[in-house]
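Remarks on the structure that follows.
Residue numbering begins at 1 within each chain, and the chains themselves are lettered A, B, C and D in the order written.
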Amino acid sequence: MTDAATAVDHGHHGYITDKDKYLNRMKRIEGQARGIHKMVEDEKYCIDILTQISALTSALEAVAVGLLDDHLRHCVVDAARLGGAEADAKITEATQAIARLVR
Amino acid sequence: MTDAATAVDHGHHGYITDKDKYLNRMKRIEGQARGIHKMVEDEKYCIDILTQISALTSALEAVAVGLLDDHLRHCVVDAARLGGAEADAKITEATQAIARLVR
Amino acid sequence: MTDAATAVDHGHHGYITDKDKYLNRMKRIEGQARGIHKMVEDEKYCIDILTQISALTSALEAVAVGLLDDHLRHCVVDAARLGGAEADAKITEATQAIARLVR
Amino acid sequence: MTDAATAVDHGHHGYITDKDKYLNRMKRIEGQARGIHKMVEDEKYCIDILTQISALTSALEAVAVGLLDDHLRHCVVDAARLGGAEADAKITEATQAIARLVR
């Protein structure tokens, strides 16, 4: 799966070097979501739940920024080298994703 | 624990009327987090993962704003009626939670 | 206008104690906006402009959270003491403002 | 200053095609900031001020995303074509700017 040739065959997207890091972070994020569910179930103090939601949101934003960095570093740079309409389309797509994150 | 009388006995925090709604939303959020983990595992296209992260972040913000509304409506209003230092402390606590959400 | 008695006569909104602080902050924010305009005019480096925009956004968020704190502390607490439909309406209004800030 | 040749001579940064659009937006943003200052001075209703702050923040975010799009489209694409350490440094710089916007 870490073999570039295989990756191309399967249409993979180039951020595989950090895959384990992202999988671990997402595992932790799932755990945080489960923890918040439990806090609601146990009717924990509202402000404490909000603190956990803020922490979870920050963790998600860190994943998003990391993935975006990988995306710019690989897909966008590759497209830039090819140039033309595809480079333009990749930038537009990345900017729209950024706009959704920034809101 | 879902019995309102018991809840009062245990000093629970007054948002029990909407508890099922929040539990359902948190279940859905856990599912979204699991879905993003799977997308990373399957090396889905980065931009599609970012779209799902934005959706999850929005869902979390909606839960946070809902909980905050309940909190203002119950705890803060109760404290306001008592007045004095406790009312002040509750507002400060709520504002700090809002600041963490707004960033 | 900075006279508390006059403020009460005109149905003002209770955050007059911190008015100078907010006026100073807004003056600084206007200056920051002018500075960014000048940076665009002088075609400064894009990343440096973005840094200034982030700083301005943070300054605005701090003003918003401060105003919201004052609002909860005065209008919402007053309404809570009266109770009933007006207290409910004030909380709903505050929550909607928070939702717009959190997005 | 709107002459592309001049821009190049002065080491300008490539987003000159949209310069008037950004100058106009920043002019409007300055006006919005002045309007909020006036609302505080006149002690307008807190919630109405918060609404204007949310509008101003959104306008700033739109400018930031637009500038970032231009930056990716020009500086980053140029660096990508050159490749190597400079391309990497440009991406890192852009990602850090995005992280500050997303927070």
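As a working rule, a contact is a pair of C-beta atoms (placed from the backbone, for glycine too) under 8 Å apart; a residue touches a chain by one contact, two chains touch by 3 or more.
According to UniProt, the chain labels map to these proteins: A, B, C, D = Metal-sensitive transcriptional regulator.
As the structure is a computational prediction, the values presented were derived from the model and not from experiment.
A.B. asks: Mind checking chain C against chain D and telling me if their interface is mostly the same residue numbers on each side, over half, or mostly different?
C.D. replies: same
A.B. asks: Can you work out the whole-Å distance between the CA centroids of chain B and chain C?
C.D. replies: 24
A.B. asks: Could you tell me the distance, in whole angstrom, between the mean C-alpha positions of chain C and chain D?
C.D. replies: Using C-alpha averages as centres, the distance is 22 Å.
A.B. asks: Round to the nearest whole Å and give the separation of the Cα centres of chain A and chain C.
C.D. replies: Chain centres of chain A and chain C, defined by C-alpha means, are spaced 32 Å apart.
A.B. asks: Which positions in chain A are in touch with at least two other chains?
C.D. replies: Counting only residues that touch two or more other chains, chain A contributes 61, 64, 68, 94, 101, 103.
A.B. asks: Is the chain-to-chain touch network here best called a line, a ring, a star, complete, or other?
C.D. replies: ring
A.B. asks: Looking at the complex, which residues from chain C come into contact with chain D?
C.D. replies: Against chain D, the touching part of chain C is residues 1, 7, 10, 12-13, 15-16, 19, 22-23, 26-27, 29-30, 33-34, 36-37, 40-41, 43-47, 49-51, 53-54, 56-57, 60-61, 63-64, 67-68, 70-71, 75, 93-94, 97, 100-101.
A.B. asks: List the residues on chain A that touch chain D in their complex, please.
C.D. replies: 61, 64-65, 68-69, 72-73, 76-77, 80-81, 83, 87-88, 91-92, 94-95, 98-99, 101-103
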